[in-house]
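Questions regarding the structure given below will be posed in turn.
So that you can tell them apart, the chains are marked A, B, C and D in the order they are listed, and the count of residues begins at 1 in each.
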Amino acid sequence: MSITKTLISNFTKVRQRTESICAPLEKEDYAIQPTEDVSPPKWHLGHTTWFFEQFILVQYVEDYQVFNKEFSFIFNSYYEKLGERILRTDRGNLSRPTVDEVYAYRKYVDEIMEQHLPALSCDEIENILTIGLNHEEQHQELLITDIKYILGHNPLLPSYGYFKAHLPIEENEEWVQMKRGQYDIGFRGDTFCYDNELNPHTVFIEEYAIRNTLVSNQEYLVFVENGGYQKFDLWHSEGWDWVQKNENKSPMYWHKLNGKWNHYTLEGLQELDLNAPVTHINYFEAFAFAQWAGHRLPTEFEWEAANQQFKWGQCWEWTESAYLPYPGYKKPDGALGEYNGKFMVNQKVLRGASVATSPSHSRSTYRNFFQPHLRWQYTGIRLAK
Amino acid sequence: MSITKTLISNFTKVRQRTESICAPLEKEDYAIQPTEDVSPPKWHLGHTTWFFEQFILVQYVEDYQVFNKEFSFIFNSYYEKLGERILRTDRGNLSRPTVDEVYAYRKYVDEIMEQHLPALSCDEIENILTIGLNHEEQHQELLITDIKYILGHNPLLPSYGYFKAHLPIEENEEWVQMKRGQYDIGFRGDTFCYDNELNPHTVFIEEYAIRNTLVSNQEYLVFVENGGYQKFDLWHSEGWDWVQKNENKSPMYWHKLNGKWNHYTLEGLQELDLNAPVTHINYFEAFAFAQWAGHRLPTEFEWEAANQQFKWGQCWEWTESAYLPYPGYKKPDGALGEYNGKFMVNQKVLRGASVATSPSHSRSTYRNFFQPHLRWQYTGIRLAK
Amino acid sequence: MSITKTLISNFTKVRQRTESICAPLEKEDYAIQPTEDVSPPKWHLGHTTWFFEQFILVQYVEDYQVFNKEFSFIFNSYYEKLGERILRTDRGNLSRPTVDEVYAYRKYVDEIMEQHLPALSCDEIENILTIGLNHEEQHQELLITDIKYILGHNPLLPSYGYFKAHLPIEENEEWVQMKRGQYDIGFRGDTFCYDNELNPHTVFIEEYAIRNTLVSNQEYLVFVENGGYQKFDLWHSEGWDWVQKNENKSPMYWHKLNGKWNHYTLEGLQELDLNAPVTHINYFEAFAFAQWAGHRLPTEFEWEAANQQFKWGQCWEWTESAYLPYPGYKKPDGALGEYNGKFMVNQKVLRGASVATSPSHSRSTYRNFFQPHLRWQYTGIRLAK
Amino acid sequence: MSITKTLISNFTKVRQRTESICAPLEKEDYAIQPTEDVSPPKWHLGHTTWFFEQFILVQYVEDYQVFNKEFSFIFNSYYEKLGERILRTDRGNLSRPTVDEVYAYRKYVDEIMEQHLPALSCDEIENILTIGLNHEEQHQELLITDIKYILGHNPLLPSYGYFKAHLPIEENEEWVQMKRGQYDIGFRGDTFCYDNELNPHTVFIEEYAIRNTLVSNQEYLVFVENGGYQKFDLWHSEGWDWVQKNENKSPMYWHKLNGKWNHYTLEGLQELDLNAPVTHINYFEAFAFAQWAGHRLPTEFEWEAANQQFKWGQCWEWTESAYLPYPGYKKPDGALGEYNGKFMVNQKVLRGASVATSPSHSRSTYRNFFQPHLRWQYTGIRLAK
């Protein structure tokens, strides 16, 4: 059986969407890496392309000529497997290959992919292709948040362009009551999911309540102005170290100018929108806010069990759960085995999706994860008790 | 009702045991802090004393004169609450107060405690006293491991004296089979436990097997000599960073001399005992070993559910579980509230007890915790699958 | 008296030469800052322009409208004087202003300068203009060495284009004998010089000899292969720390490939030219080489006293002298006072000029200076004894 | 010819004086290393002993049995020459050997030295013995300043005991005028001096004036209260970084308590003595003060040329000179060659002597040196213009 037309058409759409995200950028924006966790847009463009070249074209297309054999070094994120090299490099130093060369690379790979895909026909390729598209969708979200970081840390605070990031909260605040008992957790369908969502299994949850709405900027502002960042007993010990070391006093992108709170958005600097959910806070901040409010964060199981009772999708929601393997979890063999398992320590799970998440790249069993101090993603707070 | 005689007699015993642990030391050993996680023995002696002075004598004994008002600054571990001070200090700089002064401090506090305890009589004091004794027992274990670190990082490798740390594994290796279903977790008795062991609750566990014996030095040596520390795919990403940065190639205290493996023990440098459990490994190493062996570490719930099926108590056993609050967990109010809750991020749970654990300071629900990179405790590996 | 035509014509030439140096670059090359000491080419272009805008146009041209008031923040190197700002910035994060905007800025300032200069007429302006041109010539040299660093640390090792950097040594090696006695040091003419070359004064020098030729790659290669980087007694204590910490084993840009020594040049990677002077070594390396050769480096006074006896101009030559004020040295008032004086500690003097030095920007009294560990400039070794 | 009685008697006196300096210490004080530049007193005691054992007894006394062969590792400061070792060590971790063992080591070496010295008889030994005594005298000064640092950074601020460190300035302030011309510099006698004071040579100095008195605490206090630590243009670029990074606002050991300035002295915390010379300031502070006062620091040559015109000996006086080799300087061969030469970069020269300098360990040609940021020595300021 050959690869489905839907999948091939998806390939084209996903690849184009990545380029659309970059359309508003100047060439100079593509090469900047202002901090370790943020990658230059050019690197995202190249890396997602290298994925298809390396795992499909090189493996399955006879006589395939790689576009540039240096690129497998430059755009590979799995440095551990590399052989000897003249120079180590940092992603932020890569003025070359140029943006034009990277787009040429994309075009070259896309054309050969589109030409050969209809004739390729095994489950394994279909599987890799699906992973590759999901992988690229993850990088689409990172592209948006990395671009926000790059522009939002430029003293000119340039605008990226129209981007509907801060929608108001429309529902009235309510607490959804959930019963004590067994719940089914994990992905059960026959469509795509990541290895970390498997295996589906049973958990036992005590009685709890979870809020239908996210915490708003207004609520968070009260916490800020009430001295939340000065009260050490609201924070984890590591969280307090983070506050002290960085002299943090508000979410990322908040700026107080002439006594008024503003926040940097992809449309430029704007007055803080009090009705929108608070975002760009890290786990330490989410936890401290919940403590201060007399509540707590939900576990990822509580979140999943209750997710049909509330609207989600505007911010990734920090949970109290650590990112750990589900029962019976097995890393896949080969290079793709590095995808999820090796990060299963010192990370917290986030559930839901954000305004930057790619369409059709979200589901209620999806397990996103970040280190607790990071806040450049669109992250928010849902309370439980 | 007044404080029980048993408790008062316990007070005397626990306080004396702390001093017995230090008996083999030279005065100079008391003041050294070779690394951040290790405290000088003198500090442990003073800090555990300050606890009783501050939380019992100052609060409940009329006209109590503190031994030295500077000590509350020096021996307080809760720096966040301090007022203004001339100088900040590091524990490792404290040549003064002298060892003799610290013993005089202990004597002063102990005598007043023993004199007044029989007359004091409320649940609250009994509660604080019990916490204080458990607190001191925790520091007894730290004293032993910190002394081992201090002497074991001295180039003369001096011996501390007789200490039965490396007992052979006597059982034959077997896998205990456990059924899928609900299990009760957490402390249920009416004797003392820490807040983090409450509340008792139900968990659902999938079918699993757990080994009756700990991993031996012999087994771990095969892993070492098989290149376990060179195979990045056995390690977490953070674990691999740790291996690379510190150029680690074996457990702490192992030394290869003239082609033969030795380990530093509290009795000095000795030939590696192949039949004893491997110890002084961190979570990253425990995980990598389990990966290499084709198995995994148990969760803390799996451990607790099965703990009556195997012998434990020689090493703290790393689990796969992150250190998180149990359902319904509430931090106590006041200074004692800082005891456990603020560490509930980026730490792994260890279960069991070790040769250095104080008598009667262990139970099957006890939740010990450390950051995943630490290995100066007597830590070991039990496998699950 | 109005500003001379020569000076105005110089202005145009110097400004154009800066842009010629950047002509071979891709836009992406302009924004990269791979290490702290290297500035992005875009920053050099903006900063040299800001100098004329700030110190001439803003001060002396009525109704002058600054091109963009944010630029005085972005392109000012004197951060200490800044007022409050929303964000601090690193030069390497500046994707905006774009390259095109920076060139527009240059054009705007140049046109207004050229239009108004003929009518402006005071010594002070002429003085600032002259400093501004010399300042820009210094940045021209930095542009070349920073571009070399940026491209030479890109794993693709791209070529900048034709650049005659490695000329052979043509003279036969000889030692020039110099007599004991008083010598006149410092700038005495009525043309431009920096404040640090004043005041002219007398020094007393003991008898010495100085070599007419620079140390060649061939000579330095013997040192490298003779284990020069492994012999701690050839090095200063700080130099040895530098060797150990960075695992240095050869000059910057040397690469051993398949057993053969190559060096990266602005024309790309080439076989090491044995007859060319060794370059891109720091003071520690220059000193260690001299120790190994049984000689020493000259002082800056020995160099200046003897400079007419040998050819110089291919590499900046490390001297044994620390960068210190001459007798009677006074920092100029105002912002220009920060130019030289504040660096007069922990820096070594280099004398001569290099292939990257701008035409007419060299003289025998010129005092260049860098910290002893830096080696991205065209630096070389002349021996004395 | 055999070793002179004077030298042998000197040996005994110097060795005893070292122990007298330590007499007021508690055992616990001997092992502390609160910062990298400060060594534990125990290490000084052992290291100065190891010097005689290694360079005299081991070399020249037949059948000499080293006291403990581990000690050559522990008490050797020349780590570069060491062979393989089980463990690296930090001086601050050395609880063992104990203080008693170190004193036993001293006694053992001293007795054998005193027994054999009369029979030993060559210039080389006399030379090494003299160096060893001068070496020990240097460590005597370090012992005093290191003890001050250890006790002065203990939050209890304990007193060391009677030590006459802060004598009032008795002379009236005057400027000594010095003529332009040639001056002889360097040591010319036939008694002991360090290699760095040789060779005597001629320098040419421009006309200058130098103050007869040191800068007082009173004068420096005006600078402090006048905002001297907030005015960046008074400081070197590196000095300003030091101010900012450490938030320095006054000399080391000054403490403002209840609005009044105190300083920690070896006799404990005392009200700041306004008539005593300011001390414990680094080169950056000395330079900034001189800038603020409209003067400058003298060069080491100016200092030496004028030294008979003023009283000196209370503080080491920062000069403007970098620590560089004199003309014709040659490092001695062998291990003693590491003594001075390898530090001749990034250090400033101090001239004079301090209250902590050992008797007969000072002369007008003596070149002391420290890195410009250090201030735990008794360092002060003499102005020139």
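Going forward, a residue touches a chain if its C-beta (ideal position, glycine included) is under 8 Å from a C-beta of that chain, and two chains touch if they have at least 3 such contacts.
This structure is a prediction, so every number in the text was calculated from the model and none was measured.
Per-chain Cα centroids separate chain A from chain C by 44 Å. Put simply, the C-alpha centre of chain B and that of chain C have 57 angstrom between them. One inter-chain figure worth recording: chain A and chain B are separated by 37 Å, centre to centre, where each centre is the mean of the chain's CA atoms.
The touch graph of these protein chains is a ring, one cycle where each chain has exactly two neighbours. If you check each pair of chains against the touch rule, the ones that pass are A-B, A-C, B-D, C-D. The part of chain D that touches chain C in the complex is made up of residues 80, 182, 201-206, 208, 232-233, 235-240, 283-284, 287, 296, 320-322, 324-325, 327-328, 337-338, 342-346, 348, 372.
Of all residues in chain C, those touching chain A in their complex are 26-32, 34, 42, 70, 73-74, 85-87, 89-90, 92-99, 150-151, 153-158, 255, 257.
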